[in-house]
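The data blocks that follow each hold one structure.
Next come two complexes built around chain A: one with chain B, the other with chain C.
== the complex of A and B ==
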């Protein structure tokens, strides 16, 4: 996890809020550093994490995780991390017997599918242990990323329904957290993606939006991060807060600074 | 705003990601409940606990919550889902038999619009909002107010237009500088539609605090293409027939009551503490000719080397014997 981002979000692994949906989105840049941050954050917070990784392989996340101080291999072995490697297991859909439903069953279905098998997999992975002993603090679902599901043929409403059920199971029933990444297509007219992004934005408590700089690529400033705190149902004493910072991604950390205050130009 | 929203019929609250409308919906529900009405809520987007948060016990007892959130598509097969799904729940509300004025809140209409076909939804809304007499006859028709929360970024112009045409009042939420505003368009039968802009805020106890005008005139010189009901228009009611734009570029220049504080979200410190200020004032600048320096120069100490210039004229120097340099006072 990146300590500077923790400072900006005013949170630490020990006192993170529960029952929240955090939406990560990126536009014209790669926002996956935020996924790595939250993965290591919740592993360090001693939470049970279910990671639906549809974009990269396990070793990729493991290598980055080691730089951030967590070992995904160890976490998986001791049961803290349930890792669904989409790239590998999608092939299993075709070569396995059809007896039991596969989380990515929708890949086989000819008609418009739904994500109920994936929801059941997540629910099973994050359900509290039967013996009553709480080995981990609270469950966390991490999805990287949801736009891939749209590319695989699902409709935006199906993905929204899946996230709805995940919110019921994880955020409401078990007071856990969900972090999901959605790409913003920006200028490209992608109505389904816009419906997914806006629909999830309305349900989120925190939106982190990584954008490329409007002026193009820069060696010292990799992008801009907009943080928006939302309260979907409760009016807060202070209005929804929004902050904007610029960042530079380094090998093991990300440094944040106010707009125009990059150390390279000062 | 209250008279407009208090009328019977369908009221659309159109919000956006930046300016959420659920708190306004809850504030209006609280108002209705305190007036003695029964409030039915079809909850699709947030859990019942989260929705009831903020209401006190007297209001909560008047709210009847129909929970679609927990299992809208019957995936759990546990039998807890409402029969007939969301549409069935909506149609069941049309057939309720409570006496007395009733407010129905749909949270949210966007969720229903994404899951139900638009014609069926519009028909159900029509049936809900029309005044009808209670079964058994005798008693007069009771007004029904239907408050719907709609996230306008999620829908295209077609469904939005269809819902707008059904609505008796539309409240579009926006704001500026942290202050929320509601642009209210109300259509009364056989009258011209009226437009009004109202600045407001929702207090933590979910009561509505109406404010007179915007906190700050952010644009003293409006752009030429500003629409007539822009943020700076203030709380004025104007008759607008047939979409005629009146020339409201004469925006009232509000005095700058509230200065925007540029140091509000600074990431570095611009202020000086008392000790820092004292240290700064007592600092002697290097090129300031203070009395101490004067005294030091008048009495050159053994340490101080007076500056001496050693010059050796080279071959190209032109020493004028008639005008020597010795008389220069340097």
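== the complex of A and C ==
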């Protein structure tokens, strides 16, 4: 996790809020650094994490996680982390017919697929232990990323329904958190993606939006991060708080600064 | 170094998390030292990632050293597919020179014919015989060249601007000559020519992809499994890389209609194919080049999804037949090359070159990529039209990490 981002969000692993949906969004840049942040944040917070990693392999997250101070292999071995590796599992699902429904069963289906097996998988992974003794604090679902599900044949409505079910199971029943990444396609006019993004934006408590700079590439400022705090239950009674920062990604951390205050410029 | 301390204090076993960095693409837990000695590969200086050459050393440099094993390089074809097919052939030729196994898939040309048209490698006479020698030859490229007078210049790093002798990684090719027949015959390759496979009933399940893509995936998976590229044959002592080349993916010849209409029925077929292909690559020692006629795809959403599903994306824009062919600004070049996406693998950061305006040219023999240099404005009156044209074209050059408001301003941040 990045200490500077924790300061901006006013959280620490010990006293993070529960029952929240955080939406990560990137437009014309790569927002995966935010995924790495939340993964290491919740592992350090001693939460049980179910990570649906659809775009990269386990060792990718593991190597970056080590730079950020967490070990995914150790977390997976002791049961803190349940890792669904999309790329590897897709090969198994696609080439061999499975006996029981696999979370990525929709890859084999010709018509519009269904995310129920994936939901059941997550529910099973995050269910509280029977003996009542909680080894971990609260469950967290992390998805990287939801836009890929649209490319795999699912409709935006199916993905929104899936997220709704997950929110009920994780956020409401177990007071856990969900963090999901969605790409913003910008002028690519991806209608399904826009529906998904807008639908999730209205349900989220916190939106982190990483954007590229309007002026183009810069070596010292990699992009801009917009943070938006929302209260979905209260219908626009109070104004949502929003902040904008610029960031630079380094080898083991990300530094944030106010707009125009990059150390390279000062 | 990596940390042994783990965030979860309640973790029961005290397993240290220190592991030697090895090539990520390995499906098995084989030691990294064995894998690094595969011919034609080298570890990345940044994160130890195993890299192969794309066949074009200038492109290797722009991609941060080479193409990572286990990833996809997507080439957005130029309008008449002249230069993208050349890059495709460079990739395959590099595989032959390094002794890699090739898998060539096309719906247009017979793979055997594609292999006949590969360019010949440029080697000095000294090194023609090095070809069949031991791969672990440690001869440095410039051991023959000793400077007598300006000996201090020998200490400066060399710019790779011309043919380098006996470099184990990355070779130069002569586009005007053909690869010697004996090299092609010695090489190991598998061909997938879609018109031949149309009638075969290799597999009919699963129905989620159109026939061409499904058969191709099945073919690739068979080769990977049977030849042990995914580590399934542990008896094999000599590990090798599988270079996969897929030509004109997405074109109507593959049975896909994304290039024909805007609202296509099977729009998910191509993206599903790319996803499962990447899954296959990540779990095997292979690297893949795909050329795609993105200029024909009418639905921009598909292009952005395809880009997100690929690792490295390079776009070629040739000047042939466009107004720029006669534009004096571009007279030295044949087209522009856009590095649209570079993956951040095993890392938060990546090697990205500062130079965003890149152009390529095919000289008599060599294909070179250079920074786009404007010719000096030697006219008596500074012509405003050329400056506006430059600002307009700069909107298309170098978006870098984001360019949300294109505009006529040419701003330097």
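As a working rule, the second predicted complex is superposed on the first by the 258 of 266 C-alpha atoms of A that agree within 3 Å, B and C clash if a C-alpha of one lies under 4 Å from a C-alpha of the other, contacts with A are read in each partner's own complex, and residues count from 1 in each chain.
The rule is short, and it goes like this: a residue touches a chain if its C-beta (ideal position, glycine included) is under 8 Å from a C-beta of that chain, and two chains touch if they have at least 3 such contacts.
Owing to the predicted nature of the structure, the values given are computational and were not obtained by experimental measurement.
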Give one word, clash or fit, describing how chain B and chain C relate on chain A after superposing.
fit
Once chain A of both complexes is superposed, is A:258 in touch with chain B (first), chain C (second), both, or neither?
first
Quick one: classify A:168 as touching chain B (first), chain C (second), both or neither.
first
Between chain B (first) and chain C (second), which does A:217 come into contact with in this model arrangement: first, second, both, or neither?
second
Which partner, chain B or chain C, touches more chain A residues
C
When the shared chain A is used to line up the two structures, what angle, as a multiple of 10 degrees, is there at the CA centre of chain A toward chain B and chain C?
120
Which superposed partner A:116 touches (first chain B, second chain C, both, neither):
first
Have a look at where A:12 lands relative to chain B and chain C in the superposition and call it first, second, both or neither.
neither
Does chain B (first) or chain C (second) touch A:29, or do both, or does neither?
second
With the two structures placed on a shared chain A, what shortest C-alpha distance in Å links chain B and chain C?
17
Contact residues common to both interfaces of chain A (with chain B and with chain C):
191
Taking the touch rule as given, give the residues of chain C at its contact with chain A in the complex, in rising order.
2-3, 5-13, 15, 17, 19, 21, 24, 47, 205-208, 217-218, 221, 268, 271-272, 275-276, 278-280, 282-283, 300-301, 303-305, 308-309, 344-349, 352, 354, 356, 398-405, 411, 413
Show me the residue ranges of chain A that touch chain B in the complex, using the header's touch definition.
114, 116, 119, 157, 160-161, 164-165, 168, 172, 191, 194-195, 198-199, 201-203, 207, 228, 230-237, 239-240, 243, 257-258, 261
Per the contact definition, I'd like the list of chain A residues that touch chain C in the complex.
27-30, 32-33, 36, 40, 43-44, 46, 56-57, 59-60, 63-64, 66-67, 69-71, 73-75, 77-78, 80, 86-91, 94-95, 97, 107-110, 135-136, 147-148, 150-153, 183, 185-193, 211-219, 221-223, 249-252, 254
Contact footprint of chain A on chain B as seen in their complex
17-18, 20, 22-23, 26-27, 45-47, 49-51, 53-54, 69-73, 75, 110, 114-115, 151, 153-154, 156, 178-180, 202-204, 206, 265-268
